[in-house]
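Each chain gets a letter, A, B, C and D, in the order it is written, and its residues are counted from 1.
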């Protein structure tokens, strides 16, 4: 059972010379879905980072498999299927559909970025897990 | 009296190192507002271009004045204030607001692009004017 | 006589369904040309802002007139034609060419953003003018 | 031994509110590296597609692991490490470095898109393999 969804309206400028979505945009909308989810469940990235003392919930890796094309005028639904929590990272599973048709599926693995000795390091994700439940 | 509006939700990835919107995105959303308007009033760019025998309703010039900043989590309302029609181009006036606050104002001048002798040229915009009236 | 130039290689993903550059990218490259110029003449935006005590050299307005199209594989040359300095802003004039052909011309007006009473305000651009000569 | 490399100069506008590269840009540059490679080894995507009778060498899946951050002013080197050919797809392995430091590693799997019964399908990649050797 999906955790969250939001709709993305595909515009002319999101498409390439073939008239289908230029693929890095799919990653941009995946990231945007995560941030919309933070606003839906809590107070959004900016406020949450300030309260939790983190630089950001940044990316460790990301992948997408493109199952069918989407075009100008399509209304794409991005789903968060679930989140798996580890000690220093969490993995979010996504899917996007156009009506009944699967358009893509993929993941983001994110960390809880803190500054340590002037460098960005991955901290304990527990405090975020407690808030997103 | 405004002709049309649509809302744009500002995401983390739209902002720069100052935490405010990176300005080329404002142009992307201005273009997206025009394309959403084509879907609202008619059948959208792809179908309309096919029916009208044009390559696209492309840009001749574009300008924006940035009146106040917008940030992650803001819901920006883009307004089409009006359209002025000439023989071979039309100018669209835009404004974007955040509640009562003005964020930007600007214009796009667009043509009706046709292929002539293997080159892109500006055709008569009359057929589009008749449909968007 | 132009002040500075840099070359931009147009990639597949920069182009729209007509196979020509999607116009907000032209603004992105105009901004990128300004930042490359800051690295060429001085130490770049990040270091300069820290030294000058500013948030950034942000945008007040921007405009472009598109004179001819550019496509995948083209090497576009962006020129800074000149900079005009006022008390609280400066205007940069740009042009981009493809060999002998003019592709676009336009401007950015930028300010020297400082924080005042928790808001972003435009400060005196003199210290930047002294450095960029 | 790497097959190809090209340099990407990271600009202010490529970075997010943390001052590090916004991750979908890394996918955009990975795609741009593939297209630059097509120009380096052959005639580029537009001409090659016309000659080979394909719509494009489109994406089936893409992944990146982010090993360390990159910032404004950095010069990132994208490497194509190798290409593995199957019957109906090929996988390209990438790496990006900042001097000696690894910034990211990942893959693109691409197909040879043809139109079949009005839909996009994956054709035999042999003709492309013959040209890229």
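One rule holds for everything that comes next: a residue touches a chain if its C-beta (ideal position, glycine included) is under 8 Å from a C-beta of that chain, and two chains touch if they have at least 3 such contacts.
The structure displayed is predicted, hence computed values, not measured ones.
Engineer: Counting C-beta pairs in contact, which chain pair has more, B-D or C-D?
Structural biologist: By number of C-beta pairs in contact, C-D is the larger.
Engineer: Which chain is most remote from chain A in terms of Cα centres?
Structural biologist: Taking each chain's C-alpha mean as its centre, the farthest from chain A is C.
Engineer: Between chain C and chain D, what's the gap in Å when you average each chain's C-alpha atoms?
Structural biologist: Comparing mean C-alpha positions, chain D is 27 Å from chain C.
Engineer: Which integer distance in Å separates the CA centroid of chain A from that of chain D?
Structural biologist: 22
Engineer: Could you work out how far the Cα centre of chain B sits from that of chain D, in whole Å?
Structural biologist: About 31 Å, centre to centre.
Engineer: Considering chain A alone, which of its residues make contact with at least two other chains?
Structural biologist: Counting only residues that touch two or more other chains, chain A contributes 12-13, 16-19, 22, 24, 28, 31, 46, 72.
Engineer: Considering only the defined contacts, which chain D positions touch chain B in the complex?
Structural biologist: 12-13, 15-19, 22, 24, 72
Engineer: Where on chain D does chain A make contact in their complex?
Structural biologist: 16-18, 20, 23-25, 27-28, 31, 46, 55-56, 58-66, 69, 113, 120
Engineer: Which stretch or stretches of chain B touch chain A in the complex?
Structural biologist: 9, 11-13, 19, 28, 31-32, 35-36, 39, 44-46, 71-73
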